[in-house]
Amino acid sequence: MQISRVVSDLVTTKRVFALAAKSLRVVEDHKGNLDVVVDPVGAKPGDYVITIGYSAARAAAGNPNITTDLTIGGIIDQWDEERWRS
Amino acid sequence: MQISRVVSDLVTTKRVFALAAKSLRVVEDHKGNLDVVVDPVGAKPGDYVITIGYSAARAAAGNPNITTDLTIGGIIDQWDEERWRS
Amino acid sequence: MQISRVVSDLVTTKRVFALAAKSLRVVEDHKGNLDVVVDPVGAKPGDYVITIGYSAARAAAGNPNITTDLTIGGIIDQWDEERWRS
Amino acid sequence: MQISRVVSDLVTTKRVFALAAKSLRVVEDHKGNLDVVVDPVGAKPGDYVITIGYSAARAAAGNPNITTDLTIGGIIDQWDEERWRS
Amino acid sequence: MQISRVVSDLVTTKRVFALAAKSLRVVEDHKGNLDVVVDPVGAKPGDYVITIGYSAARAAAGNPNITTDLTIGGIIDQWDEERWRS
């Protein structure tokens, strides 16, 4: 699992059915690379989160029919940004 | 999931049966690296899309027998290219 | 499987149900990149461990319902840090 | 899926049973990195192909018992090497 | 599948049950990065091997209950180290 920071929401009006009702967020990793995740926990921009990838992402989204490959698994209580960026 | 930009269609006359009837597109990521995706939503060159990888790609293609490892999951309504490229 | 060093525990009060009761640790690879893992073996900070990724991570966690993509698979008896860092 | 170029055949007399009867090829990506693939379509050195990875590779090989993680999915009709290498 | 060179055995007295009886080896890729693999074919240090990753690694290990994400799939008869390192 990776440590990422929530950047913003993402709006995709036209999408595959299996993602239809899910909240999508843009997150960045420690190098500033962006990913798109399903968010089942209600994270806010600026939150540090752990992201779960690959086939576990579907189960983490609460429903294995949701076709995601990356899902927020939890919000980190405290994180040292200095350590992360270096 | 990744954010990519559609570049072009891809023609592969000789291919495995499981990909036989699918639309393939070439997409690029923010560094210009190219990938090939199955497109179930009808994206056009220049569109910014989210791509779904790994085992979720098959379900996102609308049929788990389609042997893809990367599928377009949606078209992004608005995207800031400046942010993405940097 | 990767060779990593355990850095610290990780506290995430708000998390998805499937990770609810598991010990999470932060580990680093030989370049200092950080990952988050489920730890079923009781590793301590400073231990060198092997980590199991992708779908095997769930089974390695002792229960396939645990939605992890990275799990500690064992503690390495002896490891040459010099070799690893170079 | 990735775009690769077929380099050569690969001979491995001693191998696991599940790969026993398959044609293996060495392919390179646009940076010259080498991978080994199962080839169900009969590609020749110099052909540009799309490769299918992860769990979809087994189904693409024509038999899910074949333990490959990378399989040729099709031969590209025309490819611009200049674009690919840059 | 990747091409790697076997470096050494790896001893992990304390490990998860599902890896309990398997031979583990350290391998390196063409850049010198290290990985840990299950070895069902009996490779020796210095051998060039192909490694199978992701979910196919479990089946290649001879038993899908073995929680590995990387397994040796075969020993390469002849390999040109010059080509590989460059």
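Lettered A, B, C, D and E in written order, each chain numbered from 1.
By our rule, contacts are C-beta pairs under 8 Å (C-beta built on N, C-alpha and C of every residue); 3 or more make two chains touch, one makes a residue touch a chain.
Everything numeric in this text was worked out from a predicted model, so none of it was measured.
Common neighbours of subunit C and subunit D, listed by label, are E. Averaging C-alpha coordinates per chain places the centre of subunit B 20 Å away from that of subunit D.
Chain centres here are Cα means. That of subunit B falls 32 Å from that of subunit C. For subunit E, the set of residues that touch two or more other chains comprises 53-55, 57.
In terms of inter-chain touching, the protein chains here make up one closed cycle, each touching precisely two others.
Think of the chains as beads on a loop: from subunit D toward subunit E, the beads read D, E, C, A, B.
Partner subunit A is touched in their complex by these residues of subunit C: 10-16, 18-19, 24, 26, 33-37, 53-55, 57-58, 65, 67-70. Of all the residues in subunit E, the ones that touch subunit D in their complex are 1-3, 30, 40-41, 50, 52-57, 59-60, 62, 71-78, 84.
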